[in-house]
């Protein structure tokens, strides 16, 4: 079991938790040492995994999932701890590792209770990594829940503003989503199993493809709504602005950067892959919702005055784009969706990191009370502008690649309904420009609003490390998108085949 | 020619951007400036070598049987959407891109040199040079694009560099809002361009792979342009609102060009963009970036010719814009704004010329795309003299510290070099022989008359207006009445330092002689040489009109006199409207601020907070309400519990008993 | 006339219902305790009666009653200790004023 | 046929129990309520004697009527003056109480009367058929661990009582 590389993605965070538990309560040095070591190890493992994956693929290994392993967990219900990765999950693991790494540095000076904070943070990352390596629906769901629960405490204890309300709202809405999800997963498992034994393995279910179409429709709605809540789909998105606004920096980063991606990932891995005929039949409902999400989030972001709210609504818009792309059900658009996940993950993590740093200095997030930060803290100002440009889809940044892939893929569906929504979605690039430039103009540029801010300092080394990591990744995808693009496209082949077969 | 030089041409400015952008903070001004200028000089030399090799080496890959060829020096895959939609990054060399290489690097070099003096005391000098390098990189990438998607990529990048440079003085709110406006307006136009590209590439990539379009990437210019007439139009059969798909796609793509080139409904950003440093205005908003729209049309010219409706559209938009901008320019008082409107008007001129270009014989006379050649020629000469004018205006602003001509007057005595070069620029733009503008404008007007006499007459009128407003400005700045402050002030206006004067002199010299370049031999739509000959009637008419207009301006503005004011008071409404640019800004302000921002955005935000969020909170509130009600039963009063217990027990017993009976 | 089982059950039921009534209506905690004793007593009586009339040969009912009496004594002792303690805290023995621990 | 003396005794005691138990819960003076309870308990003890459980009757009098009543009286005296009068019940509470108790009584009685199982032997027959329960039997039953012997419950109860003593002391102790 331990010879499988993937399982270590869960074990390392657990070791991290154990290590943290051994640290003294306020022994910052030890806590940081554990966090930095383990997150670096994770990052190294993720990079190594990507290389190894590409090597194996290059060597002609064409099986759908690599590094597969499966261990019986609970015999009567046929639940396994089954792991395996394809190109998409590999990239998602890499993204998570990057953000955990950057998040560690972004919360360098967290207080109070640093140890407990990092403990929950580590638990959260356990859930995230576990989710992406699982190919057994039950363990997948379990890790999903493991990732959700720490959020409540992380926001409720270390948050700012109306944190109890937000934490409660976030947790309850996501739990509501997972109730739907649980129903959907149970339905899938029992309907695809045989002889009274449920089948949880995704590959096996897709292979059997034995779910009755009328049942598929119901289960599709359940699973898609369940994951859609986490993917901030309209009208289930309102946990996102409040939750993000109140969460501490690293949690916002991890949540918007990775956790919201769980939604999109689950949508295609389970809802669409396992229920292809329902996806063909019902995708229009969700295309309408996500299409609304895209434009709606962007318009909402235009009038917000709290930096985090702006970013949260922008996330609604961008994550709407992810689901929108996935619902287009063709290879190019879905590839774009995954690219958008990666891009949005990095970009929004960068945004939240920067907002946290700015807030840590100015103690306000209201853009009306700030201005001219470029003069006061040029490094952070420049980073903010870079993040902004990535968000509005500047070529050379990952956002551009992702959005263009989505648009060009989505345009492949040639009926009027799809066309209208694609064009509506493209409009978002203008609205995005409007709200991003509005913030940049007010916050970073312009005259200094508050004289007290003049004495503030620029970024420290750990903040620089955290931001540079993210910017390099953003630009890396933006400059050389093709290898990622190919990796993702190849991974979509089975899903697209399943969809083709279902027409 | 190998691929080293082309790659260097793209890599050098980008490297400079990274070096100056990241390391600039640590550099001294002198080092940063020297680096920037040297790199740009090297770039210009390389571009000249490439252009010279292309035009004059006679290599078979460049010129075959007297026809200039389009060559892709390299073309590497950057991103593959589908098999047929592959985005490449490459280097396309053909007459117009070679010409643009020369224009961009020359003006860029001049501006680098000029800024050395102009920006000397500004904070963020290093940043400024970094942005200039970024712009140069993006613009070069745009003109050498091998496919429409590469063009779109660099199209966005020039937009961003323009944004950064307009907002260079980021502490001024006006500069910030101007940069924002420029970016958003052009972005809005780019949206249409993107949709146009989407439509075009979808239909092209869905033609059969063994059909006439072959299996090549749907974005490639050479593939698209090389199609025999009407193959595309007939292949892409679908229609929408009685226009063919291709018509719509081309018009949508042109809308992107309208945004960048500031054509009429989308022109509002350009006058505001004058908030940027003046050398930037010269480089971006006069010579290079704003002609991207013209370049786009020229690049897609064969496709536009397949769908003549779109050419008509271009002509109409161009003609209206040219006239509008010329009228507005007559009523501005900020010299940079006058130049900005003049730029809009001149670019519209080029657009009309392209719109009027035929590539087929009409009535037996083969014009060989005269309008195309003329438009490109004017692009070239205009870049030179408009950059000259802007840099001259920069020198004036540098001396007087104001953009406003009412603060100037009688400057000819104080600033002789600026005066002479500025005059040369004005003469060139007015189209006076032998300055460069005369030749290009003559060819354009000839093309327009060939198309229809109306366009010719209309544009001749615009040319007259151009001469009038340029000389109005010239006289108001250099003649009129000397500003009395100059005499009393100890800080008298004086000519600029050599770094600034040198570019002025060079550009003035180029403006004088550029008209004699045998442009038709070098740049034509199909690569075959076209022998330029002056169309005597057209030349005579336009020259007469220009001279008359200059005469009128001389009469009105050479000395201080009450006539201009009287004239203004005669038509106050007209003057006011022209001065306020016919209220376009107010209209836009109303739409964006009142309707979009206040009604739509605020409405949605309200909806989100109160309806969506309210629904969620409402669910919570209902749950809460229920639990509060139920909680009341859990009162803590033991007697109440017992009561409930016995009631329950009695009920249970009764039920059991009834059931047993 | 025979004294059958029902004869003994009737007073037991009356006693029990009186206890219920008292428990529902009284507010004084000691009065509640008294009502409780009434109910307990009626249950004891029932044990005995059932033992005697239905299973005359055994002594289970009696033993249970014995235990019940012992437990009742213990329970009363603890309850009264609590009541006295509450009285010290809040100054009266009104059951309606003891609500701190309800949720 | 039971003896007349037994029947008379029964009626006297039953009436006594019924009346005093009602009085216990309706009396507004708490000390009187305690006294009425004492009468009820003694009446119950008399029933025990009549039914042939002499030991139990003795225990009832000793523990209940003796020990517990003393506790009650002490606590009443400690918590309020003996002549305190409880406030009149509001009609709503009383009504509810009456409803519950009367409904319960009716239901229970109905149940008992309709249950055929209970229509059995008379008291005399029972007393004759059952053997005498003397102290010897009881003592052996409590200290034996065989069938129908109760060592374990006995020990459990004694531990319980010990716990109660400790608990009572801890709770009531002055802090």
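A, B, C and D label the chains in the order they appear, each numbered from 1.
Following the convention adopted for this analysis, a contact is a pair of C-beta atoms (placed from the backbone, for glycine too) under 8 Å apart; a residue touches a chain by one contact, two chains touch by 3 or more.
Everything numeric here is computed off the predicted structure, so don't read it as measured data.
Relative to the centroid of every protein C-alpha atom shown, the closest chain centre, again from C-alpha atoms, is found for A.
In whole angstrom, the spacing between the mean C-alpha positions of chain A and chain B is 37.
Spacing of chain A relative to chain C, judged by their CA centroids, is 63 angstrom.
Distance between chain B and chain D, defined via averaged C-alpha coordinates, is recorded as 103 Å. Taking the mean of the C-alpha atoms as each chain's centre, chain A and chain D sit 70 Å apart.
For chain B, residues that reach two or more other chains under the stated contact definition are 643, 646. Multi-chain contact residues of chain D, defined as those touching 2 or more other chains: 96-97, 100-101, 104. Chain C has residues 20, 24-27 in contact with two or more other chains. Contacting chain pairs (ordered by label): A-B, B-C, B-D, C-D. Those residues of chain C whose C-beta lies close enough to touch chain B in the complex are 20, 23-27, 32, 95-96, 98-103.
Contact residues on chain D toward chain C in their complex (touch as defined above): 1-2, 6-7, 10, 13-14, 17-18, 21-22, 24-26, 30, 33-34, 37, 40-41, 44, 47-48, 51-53, 55-56, 59-60, 63-64, 67-68, 71-72, 74-76, 78-80, 86, 89, 93-94, 96-98, 100-102, 104-105, 108-109, 112-113, 117-123, 126-127, 129-131, 133, 137-138, 141-142, 148, 150, 153, 157, 160-161, 163-165, 167-169, 171-172, 174. By the touch rule above, chain D contacts chain B in their complex via residues 96-97, 100-101, 103-104, 107, 110-111.
Here chain C touches chain D in the complex through residues 1-11, 13-22, 24-28, 30-31, 33-35, 37-38, 41, 44-45, 48-49, 52-54, 56-60, 62-63, 65-67, 69-78, 80-85, 87-88, 92-93, going by the rule given at the top.
Only residues 643, 646-647, 649-650, 653-654, 657 of chain B touch chain D when the two sit together in their complex.
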